[in-house]
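Quick one: the structure is below, and I'll ask about it shortly.
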Amino acid sequence: MFGLDKKDTTLLLIVFVLTMCAPFLLNPFPGNSAMAQFNAGYPDLMQRFVIYGIFAIGFNILFGLTGYLSFGHAAFLGVGSYSAVWMFKLLSMNVLPAVILSVIIAGLFALVIGFISLRRSGIYFSILTLAFAQMSFALAYSVLTPITNGETGLQLSLNDPRILGESVSASGGIPFPSLFGLDMRATHVMELGPWMFQFSAGYYFCAVLMLLAFYLAIRIFRSPFGLMLRAVKSNQQRMNYTGLNVRPYTLAAFVISGMYAGLAGGLLAAMDPLAGAERMQWTASGEVVLMTILGGAGTLIGPVLGAGFIKYFENIFSKINDTVLHQWFAFMPDGIEDLLVTVIHPFVGKGWHLTLGLMFMAVVIFLPGGLVQGGQKIGNLFRRKPAADHTTSAAKTPAE
Amino acid sequence: MDAIILQILNGLDKGSAYALIALGLTLIFGTLGVVNFAHGALFMIGAFCAVTLQRILSISFETVDPTKTDFLGNPSTVDTPYIVHWFGPEVGGGIIDWSVPLAILFAIPIMIAIGFIMERGLIKHFYKRPHADQILVTFGLAIVLQEVIKYYYGANPIQTGAPEVFRGSFDFGVLLGFDPNVIIYPYWRLVYFAFAALIIGAVFAFLQFTTFGMVVRAGMADRETVGLLGINIDKRFTIMFGLAAAVAGLAGVMYAPINAPNYHMGMDFLVLSFVVVVVGGMGSLPGAVLAGFLLGILESFASMTQVIDLIPGINQIIIYVVAIIVLLARPRGLMGRKGVMEE
Amino acid sequence: MGILEVKDVNKRFGGLQALGNVNLSVADNTVHAIIGPNGAGKSTLLNCLVGKLIPDTGSVMFAGQSVLGLKPYQINQMGISRVFQTPEIFGDLTVMENMMIPCLAKRDGPFRMHAIRSVFGEKKLRERAEEMLTEVKMLDKRDMHAASMSRGDKRRLEMAMCLVQEPRLLLLDEPTAGMARHDTNNTIDLLKDIKARGNITMCIIEHDMHVVFSLADRITVLAQGTPLVEDTPEKIKGHPKVREAYLGETA
């Protein structure tokens, strides 16, 4: 279906069902239970899941396929956000032109940076991209203030022209981003007993775009172009002697992943119309690297998982404080309860970055294939048992 | 003329820090072939060694001062550090005042130990893995170290003073025959520069004049051959890692009074130090030092108002611009050997 | 006029004269072997032909066109393929994927964005790749990870990847180095088959005289960067200069 083989179609359908039903799936606990704090079915958080999913899918097209580790991808995210906000300021509050402009501008920006950075490979490439991103960040903070509004960040105001829209909304405030009149903040709330499910227009807009982005990524992975990108990672020498010019392939991958980042940046601005320079800082670039590696670089679903995982932790885990911990361990004797709380305390709440760092190290050390590889390993454990009596068939598979 | 001298002086202290961190990075890269993204964290830990020692020395007990009362009329309490209590206000106060330089002694064993643990416990397993994996795992480690420090010391910068005698400024201009108050330079920055020069000199002397250093240099040039000679190069490289950690740590200790230590200072310096290493030439120790000072001074020149008026924002990006030009025009860097990490 | 004409090629590395006034003419549809002791400049010459090195002076003409200054991928697109001394294959990919890459390069040129169509949809190319795999007796290994194969299999795969491009000139850099006698004979048979089918010129660098004498139509002996003699295998066998410079060594 859709020009994909059976396995990929299944994967796409699973992702489709998961994203469409996310408001249910991410809200499994009744609102009045103690576990409700683990619910993630809020429009704001769900939007971030899919937006960062797009960012990571794009990054994976570059890093996962070609092996070029960019440490400056946040620059494209930032550029996308600025472009979208400018579109809101000048044209109209419709999100579609804003997002399209974000993708185009980020793509052009990636073309320039990629053209220069890709003249080097390995660690030099990483440092060049890092240098460019930091430079963009510094410029956005200082000289480019007329475009970026410096430290304050770019915001909408009542004086913006919005030539195709309205400067001031009917109620006298700044209008909100919408898709042909459908307000991005519009949320339908469905109450089922103690459960409360929220369906937000903004989330579904982002989710549809993520599905498109994911579908496109699958096509790229399975295409001759994707095969060439994997060949770049494997052996550039052989590519050269097979009559293939490596640089346009890497540049194309770089620009495509830059456009994905631009789309993500544009969507961030479409959901919350402001853009700040800190979105371009290298810590943000590091974040997308973490997402991709944690999920599984080079796999299709890995980056989406990684992005969801990290954003979930960031929002939910960081809310756990000592009071919550004490509630959890209340059934234990007092001494042990206090001890457990003390031990766990550094890793939750404000300390969730510490957990993230440790987890990331563990993944790089033990599971270079990320969560996807972990899942496969666990899957193999279960599969091996029934297969134990088929030793002959197992022996035939070549040992690596 | 005076402005130029002032900018050179201003560039020296930052340049010293860049040079020291870049030196350690290069030592690790040259000997172990590992790209260490956690090196900035070692610099930060060094700075926090200074903070810690100052706190330890200032541990106090409370006494009630009957002669004074607070605004509620209760007798007020006075904190007296144990050190002052034991050695008297002269010596004890002096020790607390000098806690930053004293932290050098405190930091050396700690940093060497951290370096050893890092190399044996983690880096060792990554020698044969791709550079991307090394970057990633040390990046993870950097996050962890940073968060641990944040957990114990909080997110705010912690002011850590230099000894009283170095707190003033020094009228450098008078010395060179300019008018007074034209070139004013804080004493501590001079101390920092001298200290950095001393450390750099010591590292080079160690590598140049000891047998140990000779083996390490040979190992940097051609690891396999040295290994074939039956010399246990791995053990020496572990020691080099400890040494590089100590250099970064000491750079951090002495930097504490210049820039109040905070948990992300390591990362801030790391990005720039990497640029320094690349500009100097991956694997070249003199290149790292040269590029460190060069970029430090260049940065301070770019911050002059005349320059900023000419090219706005140049002070923010000068280092990156230089790095991009160097990488494209001369990929091996100013003093690098050809072929290091080039494909 | 041969398909490959090398005229007065010189190449220096610092003080070392790697190639001195090399002249070489390889006739179309022949197997031309280049032999010589270690350090004779055989690999340097090969690298000059494929664009990895640029000679200091002289000219290299392939099918009437100069290849000097062209990038390796451009030279390959002109019809020159190269087999390396240590097999250069795409280790992370499967055997079939390895084969698809040269097929695509042959059809689409140095760069083309086929980002949407699936590789599996390229029926014609797949058939072509499978045919070639059958020819080198590797069809059963089509889904194997290339890096996990034996050295001999990697070599065969590399050769198949070159042959599937139907090059006009195939350069082989010690194609049997480190192979067991059995594998060597297989390789000889394979190369003989290819030769018999015609429309291909081969240039072989080889140490194994058995291979050279079973395949070559003409032999050039290189010593210290200069061609010593060039003749038919029969004549070379008896040539006193050759015996002295080269065969004497191996005896």
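Which chain is which? They are A, B and C, in the order written, and residues in each are numbered from 1.
One rule holds in what follows: a contact is a pair of C-beta atoms (placed from the backbone, for glycine too) under 8 Å apart; a residue touches a chain by one contact, two chains touch by 3 or more.
Because the structure is a prediction, the values reported are computed rather than measured.
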Core chain by centroid distance, with centroids computed from Cα atoms only: A
Relative to chain B, chain with the most remote C-alpha centre: C
Distance between the centres, which are taken as Cα means, of chain C and chain B, whole angstrom: 54
Separation of mean Cα positions, chain C and chain A [Å, integer]: 46
Inter-chain centre distance, chain A versus chain B - centres from mean C-alpha coordinates, in Å: 35
Of chain B, residues touching chain A in the complex: 35, 122, 125, 131-133, 135-137, 139-144, 146-148, 150-151, 267, 271, 274-275, 278, 282, 312-313, 316-317, 320-321, 323-324, 327-328, 331, 341-343
Touching residues on chain C, where the partner in the complex is chain A: 50, 71-74, 76-77, 81-82, 84, 88-93, 97, 100-102, 104-106, 108-122, 144-145, 148, 161, 165
Residues of chain A touching chain C in the complex: 3-5, 219-220, 222-228, 230-231, 233-235, 237-246, 248-249, 252, 256, 398, 400
Complex contact set, residues of chain A against chain B: 67, 69, 116, 119-124, 126-128, 130-132, 134-135, 138-139, 141-144, 236, 282-283, 286, 289, 293, 346, 351, 353-354, 356-358, 360-361, 364-365, 368
